[in-house]
Each structure stands twice: as C-alpha cells, then as structure tokens.
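Several structures are given next for inspection.
Each of the next two complexes has subunit A plus one other chain: subunit B in the first, subunit C in the second.
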Partner chain A sequence: MNPAIKATLLVLSALVLLALPLWVNPGLLHLVGVTIVMGVFAVAWNLLFGYAGLASFGSGGLFSIGAYFMAVMLRAGWQDGFLLLILVSMAAGGLVAFLVGAIALRRSSGIYLAILTLALSEVLRLFLMRWHWIGAEDGLPNIVRPSFSIGIARVDLSNGHSYYWFLCLACAAMVAIMWWILHSPLGRTLRAIRLDPERTAFMGVNVYGYKLAAFTLSGIFAAGAGALYAPWAQIVTPDLGNMTRSVQPILYTLLGGASSFWGPLIGAFSFSAIEYATRTLVGIQEIITGAILLVIILVFPTGIAGAFSRFVGALMPSEPSSRHGSSVASAVRTETP
Partner chain B sequence: MLFAIINSLTTGMAVFLVAAGLTLIYGVMRILNFAHGAFFMVGAYLVSSMVGQAPPSTLALAAAAILAAFIVGLFGLVVQRVVLKRVQDADEHYMLIATFAVMLICVGVVKLIWGLEFLSVSPPPGLEGGNMLGPVFVPTFSIFVIVCGVLAFLLLELLLQRSWAGKMLTAMSRDRLMAQLMGLNVPVWMMVAVGCSFALAGLAGGLLLPNQTLSPVLGDQFLLMSFATIIVGGLGSIRGAFLAAILLGLIDGFNAIAFPNIPGVGIYIGLVFFLLVRPNGILGEEQI
Partner chain C sequence: MSDIIRLENIEKSYGTHQVLFGIDAEVSEGETFAVIGPNGAGKTTLFKVMTGEAPCNGGRVIFRGEDVTAIPAHRRARAGMGRTFQVARVFLELTVLENVVVAVEARHKNEGRRDVPWYAFKPAQSVVAEAMELLAHFELEAKRDAEASELSHGDRKRLELAITLAGKPKVLMLDEPTAGMSPSDRAGVVEVIKRIREENRITIIMTEHDMSVIFGLADRILVMNQGARLALGSIEEVRNSPVVREVYLGKESQHD
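Entry: the complex of A and B
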C-alpha cells in the first residue's frame, strides 16, 4: 500500500483516539482503552506468529504476569516510580518467556508448542487462583491510578481522563518500538526463518537463538500490555490469563491480517466494534463473531489489512502520481508534532 | 486409597470418552478440533432436553445418548462439508482458528437455545446411590462411567483393528495420498471418520450428563483435559489415549490427595513433562 495513505490513516486514527474522551461516555471509553491495550497485546503476539512463525496459545499467561506485577507493586504504594514499574513488569514477562522459550523451543514446534504454552498458562492461572497473598479467585481490586513525578513536573494520572491519554502514549511508544525492532535486520531474519528455517540455518543464522529472541520480545510486550491494563481496569483477576484471553490476540491477528504489522491492531478494533454492536444479544454475539471468523478464514485468509491493500491496489493499479503522494506526505509531516 | 483410585479411574474414563473422538479426527484429518468440547456440550444439552432433570431409567439415558450421538454426528458432517474440507490443506494454525470459530458458533447457539443458567441432571434410578465394594463406598455412577469407557475403548479397538472399515481408516490416517492412489475413496471415508468423531462427542456428552453442571463453559473444561490426554497418549492413537486417560486420571487423583489446595495442576504439569520429554506421546509414532 502507498506509504502516504498509510501514514495519513495512522495519524487520523491516532487523532481520533486522542480526542475520544471529549465526546464519548465513560463506558465506551473504558472499552476503547481495553481495546488499545489488547491491540498492543495482539501486535506482541504477532511478533511471534507473523514474523517467527511460532504460535503460542499461552500469551494470556504473560499478560497476567505483567498485570499482577503491576497490581502488587502499585498496591504496595510504589506509585512514584510508575514508569520504572512498567519496565519491571515487562522484564518479568520477558524473563518468564525466556525461560519457557529456552526449553520449549528446543523440543517442540507447531501444535505441540501451542498446547505446551496453553498448559503452562493454565498452570499459572490455577496457581494464581489459589494464592491468597494475591487475592486467590477474587483477584486484586482497588488498584490506584498512580501519580508520580518526572524530574520537576508532577504527573497525576488518577483524575479525569489523564490515564487514558497516558495509556495512548505508552501504547504508541510500545508499538513504535516493536515496529522499529521488526523493521530492523532482526525482523527480516525472523521472516526468513518463518519462510524456511532450514535454508536460513544453512545461511549461517542461529535459528534457535532468533526464535528465542522473538519469544522473549513477545513476552516482554505482552507483559507490558498487561502492566498498562492493571491500572486501567483497576482490578486484576486470575481470569486475565485464561484460554479466552490467550486466544484473543490470535483472533485479532487473523481478523486483521497476520502478514501486516498493523493487522492485529485493525483486528482488535474491528473485533471490539462487532462485540460492542452485538453486546445486548446473548448468544448471537458468539454466533456473529464465529461466523465472521469463519468467513475470513475461508474467504480472506490475509485478513482485513490484506483485503484492504488489495482493494486499494485495485483502485490504483499504476504508480500514484508523485505530486499527489508528496502533497499528502507533506501534509502528514506538518500534522505530526 | 482404593476410593481415590476408583475416583481417578472415573475421571480418566470420562475424559477418555471425550478424547476418543478427538484423537480419531486428528488421526484422519490432522486437525486438532477445538470445537470438539463444544459438540460434547451440545450432546449433553440435547440429552438433558430429551430426558429432563430426572431421567426415568438408565435405558432411557442410554437411548437418548445414542440419539444425541446420531444428531451431533450429522452436525459433524455439515461442519466437515462447510468448513473442515476447505481448510484441510491450509496451514495448521488456520485449521485451529477455523475450528475455534465453529466452537464459538456452537457456544452461541447453546446460549440462545438453553440460556445461561446452570442446569443439573441427577442420575437415573439404578445409577444413583452406591455399593460397598469390600470396605469402600463406590458410587454406582462411577462404575457406570468406567464400564462405558472400557466398553467404548474395546469397541473402537475392535472396529479399528479388525473390521474392514477400520483398516481403511487406519490406512488413510497413515498415508492419505497412498491410500487414494490405491483406489480408496478418501473424501467419503473422511466424512465417515468425522461423523464418527462428532458422534462420539455427542455420545460422551449424553453418558456423562448426570452429576455434571450444565453450563455454556462445560465444553472448555473437558476440551483442555482431552487435549492433554491425546497428546500424552500420542496424537491419533486410541490405545494411547486410553492409557493416557488412566495415567492422567491417576495423576489428578494423586494431586487431589497430596496437594488438595491446588486441584487440577497435576494434569498440566504431567502434560508439560510429556511434551518436553516424549513429545510423541506414550504410543505415538515418530512424526512431524
């Protein structure tokens, strides 16, 4: 797709998201916040699937590790170092992912890896449900939205919509970092591994090491999404890591398109929109969601992003005129701060 | 102790009834069917509608279960035609997602028809209460479940190992292309296998109905347990699934005695151990 169109769409959607608290009701805003977090979570999952070709069904476990770390540390009253707490939660997720990956990636792949990660996240969930120090089945409620100081300025996220804007910024930063990582030589190597691990190994690439790196990175950002989620929802429960949660990023990714970096985000928002539109219809919601998924798998295996770029490609089969392209691009450049 | 073992065997056989269909469909289509638990649940709901909250007799329960198996088997044929056939040559992740979508639709239909509230069905007369087996008290329903599990295993083994149809299916799951070259009508046999697999799910749902709490999440609990079972047993192997079901049942029973405050963890730890040490399962053949 034309990068100028892409950039325009990106900036427009970012502006809409930032302006959202001014005109939507709190319930919908909460949903949008959750969707943003889940979008980041899905991008993190796709880092593993779309780039390294590994499907984890246990990413919900990493998400809940991030959320629980953040919840426990915030309830301990360490809100002054909130930014540091995010990094600590991400590091915890990364460490767990590294340890799991170091063993699992040596031994299994494909379906076996999917089930292995699913089992591990279930073990984690069962432990969380029984551990009284962190609230057992009821989880940890009343998580404060922190206020902290950066240098001389004091940031108070506890009132109004400030945490929403912080959430947007933090998620944008995480997505930007992932974009940067995946468009570096690392991302290219991972794609090569997905397409043909054997040949890539013959080129002198340490396939296992790169897969492990992708697994760890995915864990870091999944935990990061969880860490941002905890103060937004203000409660964490063991169900954060259940199978449904682990499957969500997969659905988002496939709905949006696994071959595109932005696919999982598009998928997250489309999925939430469908769920929101059908929220009052018990039962019908699942049927519609399932039917849409089926249609996508059977008809558009490249997801919304793929269908969209094909659509745009059909609209303008030749190279777009350079004047038009550059004018949009310059407009974008002036819009971005 | 004996009581615990019988409890473990009951769990194991209950899971085996569900897992048998799952491993059958894997053997033939190489699909890990996420919708299996959902169809198990549909079977359970169908039977509960047929026999009501208090089934009149064991025979009525069994008849209803067989009827449910038939209906769910027909659903299976529809699913095979509409969905599975189209994705069977796709990447395995897409197959997983396709069956997951089928599962969502199933759960939605169940919620629409039977609602969200919990239903429970008591065992029919003749299966309630218990017997004294030597010094221990054994619920009759446990014995019923164990007998059903063993019977189902023996029947499946007999059919797969001795009958003409079973040999065809085995040949096809070994090497689909070669079977086709030998003149086997693979699409038709595939329909048969998928129909049987779904029918087994429906049958299991009906037989295990008493003493269950029926709710739209029933499928999930059994699905994870059966995944564990067929992987530990070796994907595609009925015999392996049977052994694994007993093993995992015993692990679960041991877990309940030794670590009563974290129930259910043992099975997953066993599964993780097997995946790392012997990923092909107890009786699985080298593949992938």
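Entry: the complex of A and C
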C-alpha cells in the first residue's frame, strides 16, 4: 500500500478513536478500550510469530503478569509513580519471558513450544487462583485509575474519560516502539530467521539469541498491554490469563494477517465489531461470529491463507528437503513461459 | 599453517545408518578443492559436518588452526566459512536487495561496526551501497525490488552467492553450484566462480556432478564412494587412478 494512504488511514483511525468518548455510550467505549489493549497484545504476539516464526500459546500468562503487577502496585497506593509502574510491569513480563525462553528455545520449537507455553501459563493461572494475598479466585477488585504528577503538571486519570485517552496514547506509544523495532536491522534479521533459520545462522547470526530477544520483547509488550488493562477494567482475575486469552491474539492475527505489522490490530477491531454487531443474538452469537469469520477467511484467501499456512509451518517445522523441493517446483514454474 | 581446513577421521551416522567412514582430508589456503562421488556418497553430509549444520560422531574438524568440531554453525560462519546449498536457499519473502542487506548487516554486526545502529529503521547508506555492489556483480541490480520468490532458479543461485559473499568468507563452500541448470548456464557459473576466485583470492570447496565443471575449476579432488574416501589428488592423479575409474568414472554417464 502507498505509504501516504497508510499514514492517512492511520491518522484518521487515531482521530476517530480519540473522539469516540464524545459520542458513544460507556458500554461501547469500554469495549473499544479493551479492543485497543487486545490489539496491542496481538501485535506483541505477532512480533514473535510473524517475525521470528515462533508460536506461543501462553501469551495470556504474560498479559496477566502485567495486569497483576499493576493491580498490586496500584492497590498498594503507589499511583504517584504510575508511569514507572507501567515500566515495572513490562519488565516483569520481559523477565519471565526471558527465563522461559532461555530454557524453552534451547530445545523446543513448533508444536512443543506451543504446548510448553500453554502449560506454563496454565500453571501460572492455577497458582494465581490459590494465592490468597492476591485474592485467589476472586482476583483483585477496586483498582483505582491513578492520578499522578509529571514535574509540576498534575495528571488525573480518575475522572471522566481521561484514562481512555491515556490508554490510547500509551498504546500508540507501544505500537510505535514495536513498529520501530521491527523495521530496524533486528526486525529484518528476525524475518530472515522465520523464513530460514539455518540459512540465517550461516550468515553468522546467533539465531537462538535473536529468538530469545523476540521472545523477551513480546513478553514485555504483552505485559504492557496487561498493565494498561488493569486500571481500565478496574479488576483483575486469574481468568485474565486463561487459554481463551492466549488464543485471542492468535485469532486476531490470523484474521487480520500475520504478514502485516498492522494485521493483528485490524483483526482485533474486526473481531470486536463482529461480536458487537451480533451481541443481541443470544444463543446463536458464536455460530454467527464463526460463520462471519469463515466467510471473511474465504473472501481473502491470500492474506488469511498465507498466514494460516505459515502458522501451520511454525507449528510443524517442515523437512528442509520438502520445503526446497517446493521452491524448486515454483522456480521451474516461473521459468516456463 | 597453509591448511585452511583439515578433516581428521570424520565419522557420521544418522541413527544406525553410517554415512561417513573416517574421512581424512586437508584443504590448502587458496586452492579450489572438489568433492565428487556418486549420489548418496556423502558429499553433502561432509559439507554439513564442516559447516556445523550436523555434528559428527567421531573425528575432528580443524579450521584455520582451531578445532571447531564442537562449535556451532553461526560461529564457524563468523570465523570465515560461507556456504551455498545444493538447492539455493534464499529468503523468498524478502526482496532481492533485502536478502543481501540482511547478510551485510549480519557481517557488520559481527565485525563490531558502529555505523549501523541496531535501532535505525532504514538500512544504513553504506550497507545498501555494499549490497547493491554485490547485486551488480551478479547482474541482479535491476531486480533489486523483486521478491526473491519471483526469481528464476538460476537467479536464485546467483543471489545465494551474493548473500554468501556478503559475509566475506575465507572459505567458500559450494554444494553443486550448477545443479539443475542448462549447459549454457553452467558455463556462466564456472565463469562467475573463476571471477570470484580471482577477485577475492578465496579458498573454494565444491561438490559437483558435472565433470566438465570440475575439470575446469578444481586444483585437487576428493573422490568419495559410499561414505569412504576413495582417492585424493590432482585431476591427473584422480583420472588415472584405477580404483576411481572402476568405481566412479565408469558410472559417470548415469549422472547426466
């Protein structure tokens, strides 16, 4: 797409989102806020999948780490350092992702990595359900929307729609940082690794190190999304990190397109829009949603199918011979007039 | 030491299936060294053991005087091994230029160069210039913005060479550089390899089924059969070796 058109679309959607509180009802605004957060979460997941070629099924765990860190710190009354709290929550997610990745990426990839991350996030959820200090099954309610000062300026996010606007800005900042990272040499190298890790290693690239970096970055931003979510929902529960949460970014990414940086965000908004439009169809909502998704996927065979085949590819690394076999076949095809 | 690579008694098995039986060989700096043998002789496997793609079960690989047997592939690459694959492997979803840029950036990073900060979101001018020079070398500059998947088989082989040379290797390992090419393309590849050799004063290790390519390029030849070393010597020595004649050259007609 033409960069100018892209930029225009981006600015327009940002303006619409910022103006939303002026004309939509609180219920819908809440949904939009959640969607924005989930969009950032999905972009973070796709940083791992679309760029490094690793499929994690445990990103919900990292999301809930960010949310719980934020919830606990806000309830401890540290709201004055809110911006710092966001960074601390992100660091916590990054640290956990780094430790998990350091061990898991040594040996496992594909389906094993998917199962391992899923299992670990379930362990985390069960642990949160039993820990009474953080509310066990009931979670932590009554999370305040903070008010804090930057220098001499006082920022009060507890009133009206101010937290919504803050949420928009913070999410935009995170997306911008991820965009930047993925367009740097780091992002280019990660794309090369997804396409052919062995080939990349023969260029002198430490593939394990790069995968670990992607894993950690993805964890940082997944936790960042969780940290912003806590004051928005004003309650965190162990279910924040359940399997559904981990599957959501995958669904958004597949819907929107993994090969595009903006795909997961587009997917998140499309999905929410479909869900919202079908909300009154009690009982058959899931069926309608599923059918609409199916139609969308069939209408956009390249984007969605391309993403899907890569998804499968990441789950089950194909034998190099068969992959190269097909590349020869396509080479032969292009040579034939 | 003038041996750039020395293989000592290399053994390799896949499960219970032994593929290499105690291969000894040494490659001198600056020479073009060919590995030949019938299909399944173990040539590609020997490449894998040298580059670190697959570990060997016995023996040692010495590279530039250092034992690299236990060293992973990316560190051997940093030390100066560059390779191409029997079926060209390029990054199909990246553009032709991006393919080479990734390789140049990887080398710059390994050299500890500071002119390309990791966070710059456009490739540095110096990187693009270097990549374009390599593309020009292989007559690919007009296709710089095409996706590598759109390239023909021959173009992919040349792009792969450009990627590999971007790493400024000390040893260039070519696994069947003319595989799947027409006779006229083969002649072109021989010319390209000769040019690379002259311009970079590089050591080349190659496998090849086409004897005319081998005889046009190689200084010395290692002949393998069923995972064992059959002969090692100059073209003349190998040609006149009765063992080689019997086991390998007698079957040559099967391969073309």
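A few notes on this one:
As a working rule, the second predicted complex is superposed on the first by the 289 of 337 C-alpha atoms of A that agree within 3 Å, B and C clash if a C-alpha of one lies under 4 Å from a C-alpha of the other, contacts with A are read in each partner's own complex, and residues count from 1 in each chain.
One rule holds in what follows: contacts are C-beta pairs under 8 Å (C-beta built on N, C-alpha and C of every residue); 3 or more make two chains touch, one makes a residue touch a chain.
Small disclaimer: the values here were computed from a predicted structure and weren't measured.
Of the two partner chains placed around the shared chain by superposition, subunit C is the only one that A:Phe202 touches, whereas subunit B remains out of contact. In the superposition on chain A, contact of A:His183 is made with subunit C only, not with subunit B. When both complexes are overlaid on chain A, the residue A:Leu15 reaches neither subunit B nor subunit C. Of the two partner chains placed around the shared chain by superposition, neither subunit B nor subunit C is touched by A:Leu28. When the two structures are aligned on the shared chain, A:Ala173 is found in touch with neither subunit B nor subunit C. After overlaying the two complexes on the shared chain, residue contacts for A:Arg191 are found with subunit C alone; subunit B is out of touch. Taking subunit B and subunit C in turn and counting the residues of subunit A each one touches, the greater count comes from B. Overlaid on A, the two complexes show subunit B and subunit C touching no common residue of subunit A. Interface of subunit A with subunit B (complex): residues 49, 55, 103-104, 107-112, 114-116, 118-120, 122-123, 126-127, 130, 243, 247, 250-251, 254, 282-291, 293-294, 297-298, 301.
Residues of subunit C that touch subunit A in their complex: 51, 53, 72-75, 77-78, 81-83, 85, 87-94, 98, 101-103, 105-107, 109-110, 116, 118-123, 149-153, 156, 163-164, 166-167, 180. Within the complex formed with subunit C, the subunit A residues making contact are 180-181, 183-186, 188-189, 191-192, 195-196, 198-207, 259, 324-325, 327-328, 330-332, 334-335. By the touch criterion given at the top, residues 32, 83, 86-87, 90, 92-94, 96-98, 100-113, 116, 220, 224, 227-228, 231, 235, 261-265, 268-269, 271-272, 275-276, 279, 288 of subunit B touch subunit A in their complex.
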